[in-house]
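The same chain A turns up in both complexes below, where it pairs with chain B and then with chain C.
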Partner chain A sequence: MTAHTSSSSSLGLISSATAISQGAEAKVYYASLHPAPSPASTTETVDVLIKHRFHKGYRHPSLDNSLTKSRVAGEARALIRCLRCGVHVPGIRMVDAAEGVLALEWIDGKSVRFLLGGGAEGEEEEAADSEDSDVAEAAAQEDDTDPLSEYGATQDELMAMVGAEIAKMHRGDVVHGDLTTSNMMLRHPRSEKGLQLVLIDFGLAYTSTLVEDKAVDLYVLERAFASTHPASEPLFASVLRAYQAGMGREWTAISKRLDDVRLRGRKRSMVG
Partner chain B sequence: METYHYPSFPADASHVHIALFKNVSNAAELRSRIVRASLLEGSEGDLEREAVNFAFIDARLICSRVHLQTAIYQAVLAHAQGALRTKTVHSEILWTLNPSNNISEAIRRYGVSDTTAFLIVVRISTANDANVLANMQAVVSGELSRFSLEGITDWASVKKYYKLNSEPALKIQGITLVQERKIIDEIVTSTVAMKSVMT
Partner chain C sequence: MPGRTRKRSPLKIPDRPYIALGLEGSANKLGVGIIRHDTDGSTVVMSNVRHTYITPPGEGFLPRDTAQHHRDWALSVINDALSKAQISLHDIDCICFTQGPGMGAPLSSVALVARTLSLLYDKPLVGVNHCVGHIEMGRQITGAQNPVVLYVSGGNTQVIAYSQQRYRIFGETLDIAVGNCLDRFARVINLSNDPSPGYNIEQEAKKGKRLVPLPYTTKGMDVSLSGILTSAEAYVQDKRYRRNGASATDGDDIITPQDLCFSLQETVFAMLVEITERAMAHIGSKEVLIVGGVGCNERLQEMMGIMAEERGGRVFATDERFCIDNGIMIAQAGLLSFRMGYRTPLTKSSCTQRFRTDEVHVAWRA
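== the complex of A and B ==
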């Protein structure tokens, strides 16, 4: 740990934040970034999602620092590139690369995975060992209302939004690297920016102009659909239809390459 | 004037004071006073520097309250980590607001100029900084106003400085002015937030 860690502003912020989930790479929190002013002149709050790439004790400290810093920077750069290309992604609210902390605009909405009936993220593990969540889940299904109806969109419209958003991103030469239905959210129509499909988690994103990289990005999503949603073929077909419309002339090459990738898998053969 | 208390910031920068002045009449004098203060030597210089120890920001280039707060937050963060790129936390705010790394350009564009009529004054200080507002009013001649940038923001200049005129994000069919401004604000605020890792 570095000397200033104990008094770090970002860690102070995290200590007052609400933990949401944890992965191997980072821990995610909800917080309000800016305090209310005095006198209370505004009720506007800046709700953020904080992504803390915590210190990894198994790595050499200097390697750990440089990896963390470059990943925070990489994610922020991919997001700003997407924003400029008109892709709907969370806005950036704070970056503390030294501490590995990134604060992003809080999205009021649900993941596409949840909206397609695939459960919320992480639920599969929790449901297995917790009676409570089994009950809660059963109750939710008992309800039997399509969660999408609240958003005023059909499944087909949702898939078209997904395809259109990925096309915008690929036209801007950003490759997401981890396209899954958990990494897409539908912003609730009641929010200030209105109903939007928002792509999230650019931790593995990079820029590339290669047809190969874009085709693999789509292939990863196709596999994610197949493994999380029953009868995924017509869903993914709608995604591709909207993607094709968004990509224009670039589509032919990507489509051909996607067929190749389907035959060989995501890793390219190194033979020859 | 609004005061924000950030408990996680170091004690010497835990309080942020923001005031908006309209119809500022002494912008030219103020600018030359700041320049003079930076050149004065000895105790007289210290006194004069303390008198203008604020961030003076041209309000026309600020899109929203969040935009300003983001710049302040990143400047204080740099200050807390001993990573300031300019001499003070106040000048760091101006640097953070400007998309390039050129400090004098940042001050020229975002700082007070001879024609500035709408001025945002920011002071970052400790909890016991009693006369902030009086000290602001001692150097700025203008109407202290409720913080609202409605009708003040010069969107054309913001677009120019941030090179947004040819961006696909703003080339959407049938987009309204309000929607366009929200998109500009989002891109600009996000760019300010990630400036420390831009290159």
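== the complex of A and C ==
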């Protein structure tokens, strides 16, 4: 891991990188770094993912600076803690908190959200009298092949891996803060480390030993499942089963608290 | 990414014009609106009348007094709306009213008016979820197709997106609503409630310069606002606080009410924009629609606009006629479900203070 202090170099790296997407708060790039010179140096480059928390125009500059700095540093700290506890997370390649740049290990794989084929993504409505909608429906059905089959895992196995990974993280007292199916990736079996579930995006993570925080973390995931994968109850149930197995004795307290947390949302009907 | 699937809207184009009367009274605004859906698929706002119960500075509105206000004004506001629309109650197809969420007493007094009219004129009743009313009116006015909706008002703070015939709540406040936070702070610094405390905070904030540190509490796609209100209130007790602004003898290190309004808005709105952005990134949408009373705050609209632009998307917002609670949105949402065959029988027309956005079956969307 190299700590850069000169801001121009990390921004220079971004200018030579390929933009991939814009996430919730950062722009994400793909770049390749030259490996550190060593006796056994090869010419092979290292693929990295660069997360740039760019300046948010809508936020007051001083608020923005302090948030960006603390989030980059916090994310790096949480990742290191996870690595120490053996949780599968991307390794850190570079940190530049002042510029909001974080470079991470490149993961060859797909997000769990994609693998579950979920969500309101790309749905559109049309007036009642359209001609081509039947054609489009037929086309949509054609590419309905299960993307998971390529990874040699079933949905149930995938959910079990999710639960086990979260349990490992919580046992290390790291709370993710934004557990969604978009923030988990399945590493392709062809890669060096083999098939692995990797937790990503620790931008809202923090450390805590409290049962409350871990229960809320699970609740956030449950809500994310319900809102993106509408028929998700059995899926989330198998996540919880694996989580329970991973947590051991701690599970009883968390389970109880999770039931409390579920009752907390506003304006729920109080029938029953 | 899955292929873009286009779905057929289940809503048939009307064979004749439909007219609905909407009655809203879930908080301190009494609103009556009349809307018409024409055979060419267009929608006409025939009238939209509102009367607001305004309390003196430093006081909020209490349920009993608000209900009394609605009872006092119901008939004259309805008559006003009918004469502006130039129709009689015999011409309308259905009577829509807010069934919840909101304050119990004002809700039931307006529901009583709706039931009475329904029996007198033999018109069917349609109960409407207040939040869905906001969303449908926002979509109608702005033409946004499938936006992420930020619903911010005195009683609600939710980030909503549509999926499979429900408006699903992605994020919401864990404690108080953003409008409630702003209104209560306006009370602390004794701002007027006319036309609304939120509007006056917005005007004061324009004069503020100093950003005082306040907690920034986003939790995933949720926010927590009560701690921010407490911290903002604590600044009023700070020895640097000057209730009447800076005087000649003061140095730079002072805090004025304007600074606090500015800081409160900047912090709270940044949090709201952030959770909205998070929801947009999560579902991959590029449109944002802001609805609800706080939605007419121009600073919030501006911040949301910058965020949307940075993402290559765009923001849709409406002005105070449709943002702040009104009768027309109840008529719009009610008429949509009426056209899908939905009716609320008299025995099921009681109100509820707790009525979540995601409980409503959105039959009129694909």
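The rule is short, and it goes like this: the second predicted complex is superposed on the first by the 213 of 272 C-alpha atoms of A that agree within 3 Å, B and C clash if a C-alpha of one lies under 4 Å from a C-alpha of the other, contacts with A are read in each partner's own complex, and residues count from 1 in each chain.
Following the convention adopted for this analysis, a contact is a pair of C-beta atoms (placed from the backbone, for glycine too) under 8 Å apart; a residue touches a chain by one contact, two chains touch by 3 or more.
Note that this is a predicted model, so its numbers are computed, not measured.
In the superposed pair of complexes, A:V72 makes contact with chain B only, with no contact to chain C. In the overlay built on the shared chain, the residue A:A253 is in contact with neither chain B nor chain C. Once chain A of one complex is fitted onto chain A of the other, the partner contacts of A:V95 are limited to chain B, with no touch recorded for chain C.
Contact with chain B, but none with chain C, is seen for A:H34 once the two complexes are overlaid on the shared chain.
In the superposition on chain A, contact is made by A:K193 with chain B only, not with chain C.
With both structures placed on the common chain, the touch criterion links A:G57 to chain C but leaves chain B unconnected.
When the two complexes are laid over each other on chain A, chain A has no residue in contact with both chain B and chain C. Residues of chain B touching chain A in their complex: 2-10, 18, 65-66, 69-70, 73-74, 76-77, 80-83, 146-147, 164, 167-172, 182-183, 186-187, 189-191, 193-194, 196-198. Within the complex formed with chain C, the chain A residues making contact are 22-25, 54, 56-60, 62-63, 67, 114, 117, 119-130, 132-133, 136-137, 139-140, 143, 177-180, 182, 204, 216, 220, 223-224, 226-228, 230, 264-270.
Only residues 1-13, 41, 101, 145-146, 156, 161-164, 168-170, 172-174, 211, 216, 218-222, 266-267, 270, 273-274, 277-278, 281-285, 302-304, 306-307, 309-312, 352-356, 359, 365-366 of chain C touch chain A when the two sit together in their complex. Within the complex formed with chain B, the chain A residues making contact are 4, 7-13, 15-16, 33-39, 41-42, 44, 46, 69, 72-73, 76-77, 79-80, 83-86, 91-98, 103, 168, 171-172, 192-193.
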